[in-house]
Amino acid sequence: MIGTNITLEVKEVAKYFGGVRALDGVSIKVPNKGIVGLIGPNGSGKTTLFNVITGFYLPTKGEVWFKGERIDGLNPNEVFLKGLVRTFQIPRLFKSLTVLENVLVTPPRQIGEKVLYSPITSKWVNQEESLVEKAVNLLHRFGLGNFIHSRISELSAAHIKMIETLRGLITNAYMYLLDEPAAGVAYNTARELFTMVKRLRDEEGLAFLIIEHRLEVLMDFVDYVYVLHNGKLLAEGTPREVMNNPKVIQAYLGG
Amino acid sequence: MIGGADIINTIYIGLVYTVMAIPLTLSYKATGIINFPHINFITYGAYTAILLHDILGVNNVFIAALAAFLVGGVISVINNLSVFQPMLRRKTNLWIIMIASMGLWIFYKYLLYSVLDVLSKIYRINFISRLIRFSTLPTFQVGGLELSSAFSTTLIMSAILLFGLYLFLERTTAGKAIGAISDNPVLAEISGIPKDKVINIMWFVVGGMTAVGGLMWVIFSIATPEIGDWLILVIFAIAVIGGLHSLTLTALGAFIIAAAENIGLLYLNQAFGVPTSYKPFISFLTLLIVIIVWPPKGAGGGLPYRFLTKRKSFRGENK
Amino acid sequence: MNPEKHNEVILELRSVKSGYGKMEVLHEISIKVFKKEIVVIVGPNGAGKTTLLNTIFGIATLHDGEVIFKDKELNKLKPYRIVSLGIGYAPQLGNIFPNLTVDDNLTMGAYIRGRDPEIESDKEEIYRLFPEIARRRNQKGKTLSGGERQMLAVARALMAKPKLLLLDEPTAGLAPKAAQALLNKVTEIRERGVTILLVEQNVRKALGVADRVYVLVSGRIIKEISKEELGVVNIEDLFFKGSNNQK
Amino acid sequence: MIGFNVLGFLISWATFLGIYSILSISLNLEVGFTGIVNFGKVAFYAIGAYIAATVSTYTILMLYNIRAAPYTTEGIIALGKYEYLNPFLDAGLFLLAIVLGFAISGIVGYLLTYPVLRVGPEFVGMTLLAFGELLRIFFQNYQPAGGSKGLMSIPHPLGWLRTPLIKDGLYTLIVLGFLVLIYLYSQKLVNSPFGRLLKAVRDDEVAALCLGKHVPRVKATILFISSGFAGIAGVLMAFYLSAINPNMFMAVVTFNIWGMVILGGMANNLGAIVGAAILTFIDRALTFVTPNLGITIITPDYIRWMSIGLLITLVLLFWPRGMVPEKPVETPPLKLIKKRGDRNEHNA
């Protein structure tokens, strides 16, 4: 059992693809209610690390612990059920469903999702009612009340990103992995997104691990930053420490 | 006993399969479309030869082959211009395009039936099931063994086609551009290759070559509008064995399947009494097994297949 | 020296907004490139540098604004038309045809020139410029090392005889020596009358060859630096704090 | 028109409509709702039909102690003699065939989940197409199932009603009854959280997986259900025609069903029925009209198939959503909230 104030711990994780060492002995800790940034140049292994944590890849070496449980080796759906929610760089919403439906798909173990019960409306209608109410409240709370019945294709990029993040809230989300939440949105929108992240941390007590390229936005919101370079941890520390670290500047700007 | 005739038969069928399967691989590589009208190229090629022979009295098999090439090529280009190109431009899913191509296959198949129906009534020949013999077929003698005229023709024609294709792909700029588009379509465009034009050329060659394959088939075998359907899963199986990627492997696959169908089945028949009518069974079984055990490049689904094999990794959703 | 007085504008982006699908990566970008200049665009990861080049070629979607090359609008043109107008592009990723030989890669670069008899002699010329790839002319692209690939990509783009060459991080992943060698070649190419728009992350190296620099951070040009100012401005600072100042 | 039997036509159309609607609904569940490109639909239809044929004929021959296989002349004569003797036996065999047809087709569909999960949508199509052909060639060569001649004299469940019109009419009602049941069940299924899950898997299976959904299980479930339905359609068809042979199960049948789904509109059960109604109407009308046409220039069947092929392509090219486009999932609470939303808009 690891320390109770740590939500996610990645221990010496390595992932090799043939001869390529995409990750090589990376260790990361995310404390409870922490907002932790993960930065690094392209191809430094950030998304690979996310894929290892969420069960898309089996790590070649190392362990992943979440809330005191070992989760490497679980399938992606099982990782989600533990309370670890992931978003994608290019948001993956269900494009033919409405916003509300996208949120409603999320809750696990719905009675109506069992094939034997689904034709019997009375079995699941109560649960569905409470879920709909929860989802509508959630969307209203974050200013998306006008879009409840819109299709995903009618939304702006920023709203799509918000919904991808928010839909995890209807369930037992405990921690988020966000992959470039600010990519492809205007500066002010990016700040709004990060303000929302902070709000979620304060109101819901969630922890965050965030990949982001837009440092000028990220650095104002995170508590702690890890820098990956060529699959290895290059530096870590508070935003100020990392920004002034000559090794980081070199990695970003080239020698 | 497995004799020389069976070996010759295997080579013979292997060559025909090669000529039909290589274009399929070529078109899949360049466009990603699984092209069902490939079936029609075979049938239309065969019937071009038959109609020329029976109606216009063309007895030279090479003139017939030229005509078949043109017919197959033109149909192929029409398909591309009218269906594939607009759908690709709209970024339609490839599997939806595949279904549209399936519609085209059915359309062309019964269009041929209708035309043959009419012609049969006019000329009072049963075109729906027809066996023809070109009178001017070359023959060879190899080491005292006389090769049948059909075999010799197949040999010459496939040599011309395969060598021609080789020259086209390796020695001409347009041919190399096809390779470039299959390799890296985006880079091909920014290098200044007019993609649409080159793809049209590719479709023309694909349609034409397959059509001549169909002609090669009817030189020794009965023609019906169904021959394409009989052959297509075999051709798919061969292309999949080639990983839908390598033309050489495709040719190898053609001979493996031809051998399995001819020599392998003969062996099974003699040893276990398996009826020879199980012939197509073998190719479908091969197709199933190859797809399941060794899926070709680009055939993978979207899930991380750790559900099925513990070590296979996910293709990565990044970029 | 103000280049505007001596030279005409060869490429201009006027308040361009672009991105992929719905995502807007570039916001209101305006840049000018003058004839026979080397313009460098620097910026941190994910700033939209590649998107900028892709926008010129119509690979990224142009949401708003204009891209003008020699008085012609490029917005609706197909990529091969853009190449034939005289723009060459060497992208960073997927920059070669792996299953074609080096020689054929160059042939593909000259596709728009059709049956031009000078292609062969131009190839020899290019091989003289890049002796590293000349040795491997009959090998397949996928056997090349990273540095050789970058050179092949530049060489391929040159085969179309472009007036303007777009280079996307040609030094990425190269050892310092190789990177310097490549940048030297870029200067050499400019000597032959080709205008160059170079996108770089490797700031210090790129500054050595640049005539003018644009700093791109988070999809906005936050600074234009002329040759005279190059030594003075601290670009690193701009990278991290850039758009805070902007808003 | 002389000799045109309107009632006979309607009964025959309604029966075909019923059977093909079941098939198109089941294909729609797979391709429209879940995104499984099934080019081997005919295989499950064939399994159902062959189960009906073998179970009923062999059982009757066994019960009446006749030592002849049902495909021999002796067997066919014996079947003709005994099939109408016991209404309860015929009805029992019918029910048994329905249950077995559903179960066995369903299980085979369930087992095919493995290849379906292994490869992407295009290759799923090819794999299942090959499977369908494989099965047909098997039946063609498998003597106990009648070989290439197939099985004849399948005992009609209502065979004791000697008047053909009443017999066929009642049977049509049975078929339509099955259609109604299956339609209602499918409607319930897709307008529930499960239906939402299906569409989520269709839109993006990786995202669904990341939301904790067991995607392979979802696909396996839907393959079981829809293959089972196709099996039922096969059973109904076998009893209706009272004779089956391998040529009825060519790959082209699958594409006919595809045509119905595409024309009617993917991911809409009503659309599947509309598509089936139109295509079976053309089919039946041609069958009834053809004998009156005398000698035609072109066999009407060819024209029909040509139009189906062209229709599939043109609909996908110009009208990809079909006649009855997809509708959002409507569970009761969602319906309610939508109504409320509309009312608010009116008030505002």
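A, B, C and D are the chain letters, set down in written order, and residue numbers restart from 1 in every chain.
The rule is short, and it goes like this: a residue touches a chain if its C-beta (ideal position, glycine included) is under 8 Å from a C-beta of that chain, and two chains touch if they have at least 3 such contacts.
Here the structure is a predicted model, which means the values were calculated and not measured.
K.L.:
State which chains count as neighbours of subunit C and simultaneously of subunit D.
P.N.:
A, B
K.L.:
Report the most central chain, judged by the distance from each chain's C-alpha mean to the global C-alpha mean.
P.N.:
B
K.L.:
Taking each chain's centre as the mean of its Cα atoms, which chain lies farthest from subunit C?
P.N.:
Max centre-to-centre separation from subunit C belongs to D.
K.L.:
Go ahead and note the Å separation of the Cα centroids belonging to subunit A and subunit C.
P.N.:
34
K.L.:
Rounded to the nearest whole Å, what is the centre-to-centre distance of subunit B and subunit D, using the mean of the C-alpha atoms as each centre?
P.N.:
32
K.L.:
So what's the Cα centroid distance for subunit A and subunit D, whole Å?
P.N.:
The answer is 44 Å.
K.L.:
Would you mind pulling out the distance in Å between where the CA atoms of subunit A average out and where those of subunit B do?
P.N.:
Using C-alpha averages as centres, the distance is 48 Å.
K.L.:
Would you give the residues of subunit B that are in contact with at least 2 other chains, written as numbers and ranges?
P.N.:
Touching at least two other chains: 304, 307, 314, 317.
K.L.:
For subunit D, which residues are shared contacts with two or more other chains?
P.N.:
As it turns out, subunit D has residues touching two or more other chains at 204, 206, 209, 215.
K.L.:
Which part of subunit D faces subunit B closely enough to touch in the complex?
P.N.:
Touch residues, subunit D against subunit B: 37, 39, 114-115, 117-127, 129-131, 133-134, 137-138, 140-141, 204-206, 209, 215-216, 251-252, 255, 258-259, 262, 297-299, 302-303, 305-306, 308-314, 316-317, 320.
K.L.:
Which stretch or stretches of subunit A touch subunit D in the complex?
P.N.:
Residues 54, 75-78, 80-81, 85-86, 88, 92-98, 100-101, 104-106, 108, 110-115, 118-121, 124-125, 128-129, 132-133, 136, 148-149, 167, 171.
K.L.:
Please output the residues of subunit C touching subunit B within their complex, sorted ascending.
P.N.:
So the residues of subunit C in touch with subunit B come to 57, 59, 78-80, 83-84, 89, 91, 94-100, 104, 107-109, 111-112, 156-157, 160.
K.L.:
Which bits of subunit B are touching subunit D when the two form their complex?
P.N.:
Residues of subunit B touching subunit D: 34, 83, 86-87, 92-96, 98-111, 113-114, 117-118, 121, 229, 233, 236-237, 240, 275, 277-278, 280-281, 284-285, 287-288, 291-292, 295-296, 298-305, 307-308, 314, 317.
K.L.:
In the complex, go through subunit D and note every residue touching subunit A.
P.N.:
185, 188-189, 192-197, 199-200, 202-204, 206-215, 221, 225, 326, 328-329, 331-334, 337-338, 341
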